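Two complexes follow with chain A in common, the first pairing it with chain B and the second with chain C.
Moving on, here comes the complex of A and B:
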């Protein structure tokens, strides 16, 4: 009776993942045979494979808006799909990965371990790309572990640095703990629905009938698992230490890619699996959004280390993404909320990666992570100063730089949802947007108005790869701010397929 | 009312031309200061030429209609449009922003404040110009918001980098206050959009253009409208600034370089009052009626508080800054009456205050440069040492206190007059007594204004030359010299405008009146 019928594989739909997998093997092999002084080849190759994986994403997008199941057949159809939602996010993850490669080139301990680093990076990106397609508890979980486990190792990459070790261990322990909680939640949901397919769960988790308690626990536990990934308060405690200890390119990767992947997981869960469980997830996400924004901000205000400041700032930015998600199924705000989340993720990625690129460029000279080390930057690195100002202003949400549109879309979504819940969180968000400005402006003030700390005004040498990353992020931040219409279309509700 | 759609490119050209100059300047090496300055001034002059051409092409017979109007899609999914146009209300301000930028640049030619970096300084002024002109031409809430915010960063850096000793504190305060206002304002904008969209018979037609809100805003239920108005009120009131949101202003003005103070006083403050006239009141007339008494009370507190603040100042520039609070109080009083006389007076007052206070800040800058201090107690005898400067100062002080025959008068006197008989709808709500009491109190404010300005003039300009400016041999120290060529070039246009508008106020009033009539129509019933 249980004859196994092998699934039909849609190779075109699966091509991005296949390219990345091939890249994994090639980079690993090449690394064996290149001499030490040519290790940079592994980085270049990784970049090429990431861009190569982008090609099928583009062709899939061009070919049409038909939804395709990458695997179809008995019991697998609809569990791993390619729809517009998935394509946009795959592109985002691949580009994020590419920029991180550009940033890593001169940062990761030169010499021996470059090959391994890029292999881990590739597999983590592969996990993220899978996350965008996962529509099933199993594929969701596999994608999450696939992206997380390499990230644990990357966080601890500076072997001889105790802070980096701490970063890795902390991230690992809390991450595994979160996975365990989530897995338990998933098992409860499976118990209720009798299926791992998200849309099936969506039909069963209605908070009515028997086993309401089990349903509630299932929903809460799964959300908690992802809340760790997106470092939402109160599950954020790992983030600042990990971000500070990890090599800066890895921090950029974690704060953008891994966070976005977590949000993608939350989105598909809320939209496909929990649409009828609003009474559970809404108050939960609402409170989490308010706490995340506020506490992230308040702690960020006190930071003196730029990376820690950016870490808490990214915690607080996460609150702005949770805000529309909490209100997703209130008064028909599904579409505006989905758009808000995706648009925010894209703009935030460009801006935050840019900010980290500057930190990498500057700390290469100053050898310091203190905010005061940015003192007087305008006097000897006006270009970097202007770019950093652009990124910070965008994070603060000041038009005409990208970030304003993200904030706008988020406000728009919660006000669309209307009602006391929506209005209250909008006000909380508005106040937090102002608080956040204070610490972004603090860095601007340091760069523009303070003296150079040790009067060392030798110009900063910015490597070509970092320059390229800066140009990509800077242009994206500016263009998306002036013409947000370019990406505002993504995230239509029809993009998120409910089934093939 | 159908807008006139000719010369659709003209406003975009006038607004974005400065950015072209910025792009050119980016390629000029930092050391080549003269080329950078030439490009900047050239761009500003070209922009002004476009502005003058706009004014010439403007159809003054139909100044209530939007002209040079164009509407294009911009951010489709949120229905924000690139809709621009000018009418009689915005044309003077649009033009004023261009004039001020030119004169400020001419003044800056040899007056770049420390720490130098001429190129960056001029770039900031050009970016400011785009933001200011854009705010006045925008006919879409989101576009308005983007331009409204665009001025924030350049002004922050202008104060923070080129300002006085306490510049970092002042610039941060300016920034945070304004951000606070605009965050709530943005929430108000979106709430207004969502509510009007849900009310509309055809929600698919909803968009962010002013036209949509002019038609659908008045139907918003009063209680909702009052709350949305609160968001807009905070956003605009911080910018004006109205008591009790004014505390950033004295610091920002005092610490800003002369150029920053002039632009701040002449244009940036007007963004707030313009927002009331253009957005808050016509979109939400029911809420405006509810809020008008509160606005009037705050405006009059501002008038008296500003005047008393002036009397207590020991620093000339800070005194002028406080006088701004008082003058903007008159503007807001005029607006709060919801009458055509009051709003016309307010619009006139905005331009007049821009010219006069701008001039006063210029003079303060030049005095500081010559005497190296702005402490009133250390200044005196300006008339003896530099008679022309002294008399220009006297002239501006007279204009500022509202002397009939000069521009300041037409902003203040009609505002008082209108407050005596506010709009019918306010009278029938039983607010007549309140407004009459407020009129009386604010009349006192004009007396105080005469007091602090004349006293300031007397202390600084009359008497024997100050000890600090006289060298050991009894000669003036070499820093003291009368108005120089750059100053003449920058100031003459403003001085002429003050006189001309004072004698022929019709020039502006005829221009703004038809548009104002449209706004106040609902309040006359």
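Moving on, here comes the complex of A and C:
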């Protein structure tokens, strides 16, 4: 009989995941035993567990010693890693989850399924948290499915609503197809490298020697799989329909959390697995970045539904995150590119969640998703109008607000990369930043200058939880814009470790 | 046997699966096509596993089998959902939202 040697488990490093898993079981059980009128307890508990999982993230960051492998031992070291990059993103995902819980409190009350909704939300956040640590094809795949499968169900949440059904089915079919294509690419990469560890793949995928064709196909298929997740053009077609049909808090979650998780997966792959495959991923990501910015913007211009407009706007924002990633290993721009991606993800999360929070608050009164329903908002909800203006201006990248620093970081990264590739994409990006302003300003004009469409000026009642979410997002957007030094510091410590 | 034969089988299954996803209008047939792709991945992984030694590939394949089951569970639930609301599972009829 072979001697069994158990891998060493670093429980502190795994603590965020463990807290979330415990939360999953507790919320599911509590939901069984509370009477209907106290169902809100499940939401509160979910929020507490998300914040609870933040505690070990903070303690790990404070201890701050180099890199920890959550499992170590023969054959498992370095496959699931906690480094600064992972910690920053885990914190981002947990906070995003918390804000979505705040937004859901009064929206998801249809039927008696609140408990299940929060269980799904927790498991999706758990998948995102795992994604930040995954450094191996298997853990990357499991994290991706863990965050996607609950999200499919959340998109189809309104069971009797045909639009919500459609949103769920479209998201599901394209998501599953994309992950199947990605898996085929992963199997090819495994065949080339003989290992599923990303750093081993990075050593083998050199685009030299025999099996070059297999390497190229592997890289392309894997990137396509993640491109679906981040809704990059031409793989974005599910996004607007799913965003419009799904309940609005779920839309906020998908457009921020799930998108950020997709980008994290892409970053980890490009930096650890494909650093020597630049000739394949750079043109591919470059073209996708340019298309994503341009097409997302052009279609957003003619939208009349606010959620659909924000959906296309989030597609086009994705292009600004792909832009530095495409130039990652050009002229030593890897550090500024990595920082740009992370900084952009954090600022985009705060701003976009804020914009969706306003949409949720306003549509509770107007019962409409049209942009014209925002007409004359200033007359009866001046606070919401000012905040919405802040969020839209930040999305457009107007200077004193968070968004401008995100765009600044992205442009600096591609200019660092220099050369024809870098300068062209910078020009494409700059043109798009201007186009984007048009549709953001259109909503502002509607709010500030137009008359109220049904001249009903009773003030809007904003629930406490939504107010809290608005305050968090608003403060984050303002502070990150006025004091970009704060977030630059966070960006500076997020070097991707390649494992101990 | 050569590894090429297994990889070829995998590639053929993959292509049939992709064709099925694109061409079929019936939601259940699309789900089956996706299963074909996942199984082509499993064949690839196991073939490479024997080629490279070690057991990463076999473990990966086991994970894929488990996750595929979970995915199909959710997928069939959704097909039931649209069937209850629309009395059809044709994907062409899913066109409430456009633009």
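Going forward, the second predicted complex is superposed on the first by the 488 of 500 C-alpha atoms of A that agree within 3 Å, B and C clash if a C-alpha of one lies under 4 Å from a C-alpha of the other, contacts with A are read in each partner's own complex, and residues count from 1 in each chain.
One rule holds for everything that comes next: a residue touches a chain if its C-beta (ideal position, glycine included) is under 8 Å from a C-beta of that chain, and two chains touch if they have at least 3 such contacts.
Keep in mind the model is a prediction, meaning the values are calculated, not measured.
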| item | value |
| --- | --- |
| Touching partner for A:18 - first (chain B), second (chain C), both, neither | neither |
| Contacts of A:241 with chain B and chain C, given as first, second, both or neither | second |
| Touched partner set for A:168, first chain B, second chain C, both or neither | second |
| Partner chain(s) touched by A:468 [first = chain B, second = chain C, both, neither] | neither |
| Contacts of A:430 with chain B and chain C, given as first, second, both or neither | first |
| Which superposed partner A:478 touches (first chain B, second chain C, both, neither) | neither |
| Partner chain in contact with A:411 - chain B first, chain C second, else both or neither | first |
| Residues of chain A at both interfaces, chain B in one complex, chain C in the other | none |
| Sites on chain A touched by chain C in the complex | 137-138, 141-142, 145, 149, 152-153, 156, 159-160, 162-163, 165-170, 172-173, 176-177, 180-181, 183-184, 186-188, 190-191, 194-196, 240-241, 244-245, 299, 303, 308 |
| Chain B-facing residues of chain A, complex | 339, 378, 382, 389, 393, 396, 398-400, 404-405, 407-409, 411-412, 415-416, 418, 423, 426-427, 429-431, 433-434, 437-438, 441, 444-445, 448-449, 483-485, 488-489 |
| Interfacial residue positions of chain C with respect to chain A in the complex | 7, 10, 14, 17-18, 21, 27, 30, 34, 37-38, 40-41, 44-45, 47-48, 51-54, 56-57, 59-60, 63-64, 67, 70-71, 74-75, 77-79, 81-82, 85-86, 91, 94-97, 99 |
| Contact set on chain B toward chain A in their complex | 30, 73-78, 120, 142, 145-146, 149-150, 152-153, 156-157, 160-161, 167-168, 171-172, 175-176, 179-180, 183-184, 186-187, 190-191, 194, 198 |
